[in-house]
Every structure is written in structure tokens, then in C-alpha cells.
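Got a structure here, written out as C-alpha cells. Questions coming.
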Amino acid sequence: MAALRGKTSLTLRQRDTIIGLLLIAPSLVIIFGIVLQPILSTLYLSFFDADLGLGRTNIFLGLGNYLDLLADPVFWETIQRTLYFTLVSVGVELVLGLGIAQLIHAHPPGWRILRASLIIPWAVPTIVNGTMWRWIYNADYGALNGLLLQLGIIDKYIPWLTKPFTAMNLVILADIWHSVPFIALILQAALATLPEELEEAAEVDGATPWQRFWFVRLPLLRAAILVALVIRTVEAFRVFDIIYVITAGGPAFGTVTISYLTYLETFSFGNVGRGSALSFLISIITLLLAFIYIRFLYRPEERME
Amino acid sequence: MTGWWRFRMPKSGALLNTAMLTVLVLLVMVFIFLPVLWLIISSISTRAELLSVPVHWIPENPTLENYISILVPGSATSEVARTFKITLRNSLVVATSVTFISLLAGSLAAYALVRIRFRFSEILLIGIIGTRMIPEVSLVIPLYILAARIGIINTPLVLMATYLCFSLPFAIWLLAAFFQTIPLELEDAARIDGCSRIRTLFQIILPISAPGLVSTALFVFLLAWDEFFFALIFTSTVAAKTVPVAIAEFTGRYVVDVTAMMTGGVLAAIPPVVLALIFQRYIVSGLTAGAVKG
Amino acid sequence: MKTVLRLFAFVIVLSLILAGCQQAEQGPATVRVLAMEQAGPTVDEMNSIVAEFNEENPNVEVVIEYVSYDALHDKITTAMASSPPAYDVFLVDDIWYAEFADAGYIWDVSDKITPEMQENIFDAAWDITVVQGKTYGMPWLLDQKYFYYNEEILNQAGITEPPKTWEEMVEQAKVIKDQGIVEYPIVWSWGQYEAAICDWVTLLYGNGGSLVDDAGNPAFNDAKGVETLTWMLQSIDDGITNPASVSYVEEDVRNVFSQGKAAFATNWVYMYDLVNFNEDESQVTGKIKMSLMPAFEGGGVVSATQDGSMGFSIAAESPAKEVAWDYIEYLTSEDVQNRYSAHLLPIWKTSFQGEQLETLMGYTESNKTTVPMFSEQFPYSYVRPKVTFYPEASKALQLALQEALTKSKSPQQALDDAATKWVSFME
């Protein structure tokens, strides 16, 4: 720094740029130093017919892998399944989260304990969450079967995870349990900052509770909902760990999501080229989502004047 | 459970409404705690009880055997149980170092991006956050090759480096949001008094955003503690294995050690849950900053 | 501005340097071994074998690591991507041999196999590591599916001898069921996992059928295949096979059997000790016996079962190949195997004869039964086809079995569809 001060020819702007770059340099070195080469390598491989086998020459395919994927029905089925997972998961989380947020906001007895308890499902590690639910869903000894049987809802144990549709929905349930707190806490925090006067004014004007909610409260929450939605949507779209733990993609591909497909292509089938192309397709989609967020919600304001 | 039912209580009919709300609170609590309770109950049951039909909701022979097997040296029934404590330590080491470095490098970068207007800031921000878009699965092999060349496979270092790539962008984003909430006037006052940018950062900004730092630290710690797939592939001995990998290993080729898995699960969940509960205020403010004001 | 650009360039260069670092090899030749937990010898035993070898070979250092079975395949695949490979020696499951051989991961050690080794090691053991006539490793962890029965239940039903054919077993099962002793006398692992294939092979080959023909084309959808699958369905319909078998894997079979809820079951050797001697885990200790796996009357074979063994192989690109071979040779030598056979059955025929047999049987209570049973059953053990696309093909077949067993397709249709997929993988 001392050396720089001597350079009176630098403008304030230039000095700032130097300082800015220096401050950001450690992060850049770490992030790009570690991840740049792998990302580039993956991109490079995506244009080749590359297998993990050694001593094989990779055949250049240009966009071959990409076109192949886009023409593959398995790819589209997987996208469909991933969209189903994302929409149902995030949708239910949003509705439940909003409900719980409002419940807390109304300050009923025990609301503080409720808010504290919400942290627990969210803080439980993903693999613990996965193994816990897998055990609950166990066909012979699981708590789900036990509970439903004792409540008389079913008359004999059901092997839940052996049917694709039920398996998918149960994995979604496990994900919902884990992620609802995230949305609920964000929305509750947002609710707490809402000015009361607007709603009180509406009440005075004779608006029903539903009208107050829909026309006053919800629009004010729009920003928070949007953020929670985008974050969760990107996460849900890329879901992998919980699938790996609970169903390993089964049964019959029924819970294979797009990230899991990438895993299968790369590790189980050894098609690194295809797997890489797949991951870039996924990245493009998620990048688009993130880009929307940055453009519309992140305001780099409050900088110098 | 749709939203339109919840609304600020009108004074009249308060008692009935409060009762209804309390019931709802209890329902949500049940939703939250039921699975966790079952996890805990499973961990203090014997295998025979866990495999009984109908389900023993309250174990007839509760036992701490599973915990003793893991925690007390010399009593382990399996290799995985014996080494579980070491994996806990590994997770701790990795998570704390990642948190520390993320905070350090992250706050520098966040400050630069938010306060100092320079040419590349937005591009860099997009670039940094963009690295999170690639599914981790596809980065494993190239990263593995890279790490193998440097010789850090199966060391805590490789996990730290990998996790940093994912947690730093997140930390930067979160810290940037916090920094933005600090009024400009404070900084302007400091600048007028002759503080350089750096001094402003360390003497004004960081102390004020202490809650934000705690919040970010918490999120990063949880992220690092939670990570599974990279740990699975990159580690193979107790030199570096983390807790998620250990839990996965209770599943043998044919045998599934259910009680050990549940016990391991409880032990693995305790640090993050306890931390989160203690610092819950910061979690909420973190989510707020990131989401509401960010 | 130049300063800024220079600084920036420096940062980028630094990052790339970090990415390009090489590390020089130093010290004695290192052989890195990847083994499996909960497999065969205990970790302590494996470690002492390594210690012995290291002592006798001071210019080599063997380093051994253990992972769970689930992670083994992915770890090997990943390790092969780096150069040199991250592991020099690793444990390979039977069903991966064709895949790894084709991908060039494993070293062809055919010329290291002496005629003596060829002769004295079980043929069914060599089936594991031989792909298209070339040997790619030493067989090591031998296992097969065994036939278990609960003697007490049989006696209660007035049955004195275990069945020798599947038809006989059905008869006995019906008697047991009719007398109300057990509701579902037979339990299988027919869940949509590899476990189902193991049962399928056992039954199919016992019927004189096979998975592929000599040309490698699918043969499992021929008359014998359909017949076998129909028989499986029938046993569920007759109420003698536990209907939950359709979602079971080996552990579930063990659980059911341990609770005395089945009279007959097939499983790997690990189940014997747990069901017959472990009172914490089993309610039927002391009542369980094993006998030769039955076959079908028209099958033309005395017995047939699934060979589910593993072998140790060397990475083809390993810089320490020769030394690695020395280690494997040591590990699988008759002497070492005999000394460490408390938890691992030797691959040598001679270990099961004379005095060696006595020693072997004396190690544990279970060994008294499992050791003779092993050498009796092993000659009738069949491996799964060594095709490079086995993982995908197996999934297709698993699906077919599941579809037929849950009656969403007819056996013929399900098997035909799987055969079609199989053929498409062959390209």
C-alpha cells in the first residue's frame, strides 16, 4: 500500500480498482484456482466421445453429445421427473412455509418454541435426513407402515420404495421436511418487517381477512417469496444427495433426476463425454435461473454516490 | 394448511382463535419432531426390537449400547463404529477451517464488490456465483485428477479446498448483502476522518456486521458439515473421512447395521443442530439479509 | 492500468500453477491397495498380512485402505482417471470384470498363472477373474448362494430330509403350510436389485437354462427361462413363497428367517453364523442347517447356484505392477490363506483336504458346517455373463423380473423386452 501512495498519477478510481482487485484476489485464487481447470476440462470433454478407460483416444464429436442427449427420450423423461420433483417439492414447501410463517407471525402461545424447533429439520445433515427417512419407509419394519397400520389406514405393510411413483413422492416428502424451515424462516422474517399500518388500514376499510392477505400482505412479501423460490428451485433442480441415499435412482429409474443421471453416465456407464455434456446443459438451465435472480433482485446500489 | 387462514387476531373471539392456533402450532411441532423422535428412539433400541412387528414405539428394552459402542473406546462392534469419533473430528477440522477462510477471504471480497466500484465487479460476481451452477457430480473426476497430481487425495486439505470453492461464493453473496445494510454515512464519516478503505473495513464495517459474520459462519459450517459426495469419493481412510461417509458405511455389502446408522445419525446431527439452535437469531437475520434486503 | 493488468495476470497464473503442480516419486516402491470393509478377513488380519509382506520385502511398501462395497466401484473408476492411477491393487466384484477389462483398467496376468495354480485353485474361482480367456486377477473372496433350512420346522411337519429338487421343496412347503406351522415357508430376495438376479441364476441354471448362449446373445427368454419365471410366480400364487419377497434383498431374507418365519431360504454364507449362533440377532439359533442347492427335475443338473465372488486385480497403468503382483501372489498364496482362514475361505482345493480341512473347520463353530458345504457346492457355481454392459443389462433384467412378479407383464413379455434391451446394449 505504501508504495502505491507514492503514485500520485493514479486517480481515485484507479486506486479503488487496484484495492478492489487485491481484496478480491484471495477469493479469486481459491475459487478459480481450484475449480477453473475442472470446469474447463469438463467443458472440453463434453465435445468428445470420452470414456474413463485409459489408453483410449477421445473422438471429437463437436456438439454430438449435446445433440444426442437432446434427442434421447431418457434425457427428456429425466427432465420431466426433475421438473416434477422441483415443482411439487418447492410448491408444497412454499405453501406450507407461508402457512407456518403466518402462524408464527400471529404469535400464538408457543410461537417462540415453534420458531426454534423449525431449525432442527434444516440443520440435520442431508445424509442423516436420507437414512432416517429410508428407515421410516422400510417395507417390513418402517415407522410409516407401522403408523398407518395402527391408524387403520392400511391393512398390511406396503413396500413403498418399490413403486416408482410412490418412491418419488416419498423422497419429495423427505426433502420437504428438510427444506420447509428454510422458506418458513425467510418468510417469517419478512413478515416481521412488514408495516402493520397498511393492513390495519385495509381492515378499517372493511377488507376481509382473505382480501387483506391476498391484496396487501402477499404483494409486500413478493420480494422475499421470490428469493426463497429461486434459491429453492435451483437447489431442487440439482438435487442429488438425498436421491443417492434413499433410492439410488430406483426403482426402475423412477427417481433418477438430472444430477443423478449425470452421476450414472459418468460413473456407472463411464461415458465421461456424455456426462460432461449433460452437466453443462444443467448448468445452463440453472445459470439462467440464477441470472434472473441477479438481474431482478440484486441491486448493487449504495455504492459511491 | 393454506395461507389464507392465518391472519392477525381480531380482539373478539380471541380465545377460540387462540385455541385453534395453538392446535396448529402443535400440529406443526408434531410434523417437525416425529421423524426426529423416531430417529432417537431407533438409536436407543436393540436390533431385535427395531425388527419387530408391530412397531415398538416405546422400546421395551432401551439401551445405550449403540452409543457406548461408538463413543467408548474398545467396545466397538464394527470397524466403522470404532473410527466414528475420528470422523467426527475430521468433519470438525474441515468445517471450521473452511468457515474461517471463507469469512476472511469472503469479507474482503464482499466489501470490494459492494463498496468499491470497479470495472469488473459485476462480471466477477456473476463469475463467482456462476461456478456454483455446475452440478458437483461432474466436477468430481477432474478435481480428483487435479488433487491426485498434487498428492492431497485422502487428506483434510482436499476437502477444505473443494468445499471452499462452493462456500466462498455463497459467503461472499451473503456478506455482501449484510454489508449493504450498513449505512453509507458511517463509512463516509470514517473516510472523511482520513481512514483508508482497508482500515474502514476492519475498524468500522466488520465490527458492525458481527451478526452478519456469525450468520455467514453458521451457514458455511453447516454446508461443510453436510457435504457427502465429494467426501465419499475423495477420502478412504480415517486420515480424512468425514461423518457423512462414516454413516454411509454402516451399510455393508449385504448387512445393514440399522441401529448403528441411527446412532451415528444422531451423533452427526448434534453439532449442527446445537449450533443452529444456539445461534438461531443469526440464522434468521442471515436469511433476512440474504433474502429480504439482499 | 498496466499495474492492474499485471496483478491480475499474476493471480491467474498463480491459479494455473497450482493446477499444474507435479509431485516427484521418492522412497521405496509404494503399492496402494483398495480393499473392502466387512469382507472376509477382519481389518486387523488384513493389516497383519500387509505387515508381514512389507517386512519380507523391504524395498516395497504396501499401503491398504478400506471402503464400503457401495463406494468401491465408483472409487475404482475415479482412481483410474488419474495418471498414475490412485490405486495399484483393488478388489473387483465378479460383475465388474468384463467392464474393467474392456476399459483397460486391469492388467492381464495370464502369463503369471502357473499350471500348478491353474490346477489347484477351484475352477469356479477362475471363472471370476477370467474374461474371454484372459486372466485379470487372482480370485480371493469366494462366496456363493447356499440353501438354508430350519430343521425344527421340517421335523415338526414330519419331514426328515431336506429337499433335493425344487419340486420336492414345493411339496414340503405345502405340507408345512397346511399344518399351519409357518404361513409362508419359503422366502427369497426378488426385490428389484442385483439380489434378484442371483436368485434367478440359481433357479434358471437349475432348470438347465442360462443367461446367454455361446455367442453371447440373451438366452434367458427361451422356454426354460419362461418356465422358471412362471414357476416363481406360481409359488407366490400357491401361498408358499412369502409375497414380500418381491421387494426383499438378502438382509430381509435373513431377518425373516431369523424370526422363524420361513422354513427355506437361499442366501450367502454370511447368514449362517448370524442365524445359527448369534442370539442377539436370531430367534432360531441351533436349528439351521445347510444342504446342497436343489435343482429342477428336468434341469439335467444335480445342483446350481450363483457364484458371487470377488478378486484382486492390478491397475494396468500402475507403475508398480510387478511388485503389486508379488503382493497379490503373497496374499492369495496357500500358506497365507490357510493361516488366515478364520474368516475367509481359501481358493485352494488342497486347503479343503485332509489335515488342512480339519484345521479350517476348527476355527469357528460355523466353519464346521460352512467349510464342507463350500467345497461341496462350489463345483456347481455359475458366474454371471462377462459382458461389458453388465450393470445396465442387469438393471433391465431386474426390471423384467419385477414386472413379471408383480404381474404387470407376462413372464414371456417381460423377458423378451429385457432381451431386446440386452441386444441393444451389445452394440
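In this document, chain identifiers A, B and C correspond to the written order of the chains, with residue numbering beginning at 1 in each.
What we mean here is this: a residue touches a chain if its C-beta (ideal position, glycine included) is under 8 Å from a C-beta of that chain, and two chains touch if they have at least 3 such contacts.
Worth saying up front: this structure is predicted, and the values here are computed from it rather than measured.
Novice: Centre to centre, using CA atoms, which chain is the farthest one from chain A?
Specialist: C
Novice: Name the chain pair with more contacting C-beta pairs, choosing from A-B and A-C.
Specialist: Top pair by contacting C-beta pairs is A-B.
Novice: CA centre of chain A versus CA centre of chain C: separation in Å?
Specialist: 38
Novice: Just the number, please: Cα centre separation of chain A and chain B in whole Å.
Specialist: So the centroids are 14 Å from each other.
Novice: Note the residues in chain B that touch 2 or more other chains, in rising order.
Specialist: Where chain B meets two or more other chains at a single residue, that happens at 51, 140-141, 145-146, 248.
Novice: Which chain A residues reach two or more other chains?
Specialist: As it turns out, chain A has residues touching two or more other chains at 17, 21, 28, 32, 34, 37, 52, 140-141, 157.
Novice: Return the residues of chain C touching two or more other chains; collapse runs of consecutive numbers into ranges.
Specialist: In chain C, residues 18-19, 74, 78, 81, 83, 255 touch at least two other chains, as defined above.
Novice: Looking at the complex, which residues from chain B come into contact with chain A?
Specialist: Where chain B meets chain A, its residues are 1-9, 18, 21-22, 24-26, 28-29, 31-33, 35-36, 38-39, 42, 50-55, 57, 101, 104-106, 108-109, 111-122, 124-126, 128-143, 145-146, 161-162, 164-165, 168-169, 172, 180, 184, 196-198, 201, 222, 225-226, 228-229, 243-244, 247-248, 258, 261-262, 265-266, 268-269, 272-273, 275-277, 280, 283-285, 287-288, 290-292, 294.
Novice: Within the complex, which stretch of chain B touches chain C?
Specialist: My answer: residues 46-48, 51, 78-80, 140-141, 144-146, 148-151, 153-154, 232-233, 236-237, 248-249, 251-256.
Novice: Going by the contact rule at the top, pick out the chain C residues touching chain B in the complex.
Specialist: Contact set of chain C toward chain B: 18-23, 34, 36-39, 42-43, 65-71, 74-75, 78-79, 81-83, 86, 249-251, 254-255, 259, 268, 270, 280-281.
Novice: Give the list of chain A residues in touch with chain B in this complex.
Specialist: Chain A reaches chain B through residues 1, 13, 16-17, 19-21, 23-24, 26-28, 30-32, 34-35, 37-39, 41-42, 52, 95-96, 98-100, 102-103, 105-106, 108-111, 113-128, 131-133, 135-136, 140-141, 143, 145-147, 149-150, 157, 177, 182, 185-186, 188-190, 193, 199, 209-210, 212-214, 218, 223-224, 227-228, 231, 238, 240-241, 244-245, 258-259, 262-263, 266, 272, 275-276, 278-280, 282-283, 286-287, 290-291, 294, 297-298, 300-304.
Novice: Please give the residue numbers of chain C that touch chain A in the complex, ascending.
Specialist: Counting only chain C, the residues touching chain A are 1, 3-4, 7-8, 11-12, 14-16, 18-19, 73-74, 77-78, 80-81, 83, 85, 99, 102-105, 191-193, 244, 246-248, 252, 255-256, 316-317, 391-392, 399, 402.
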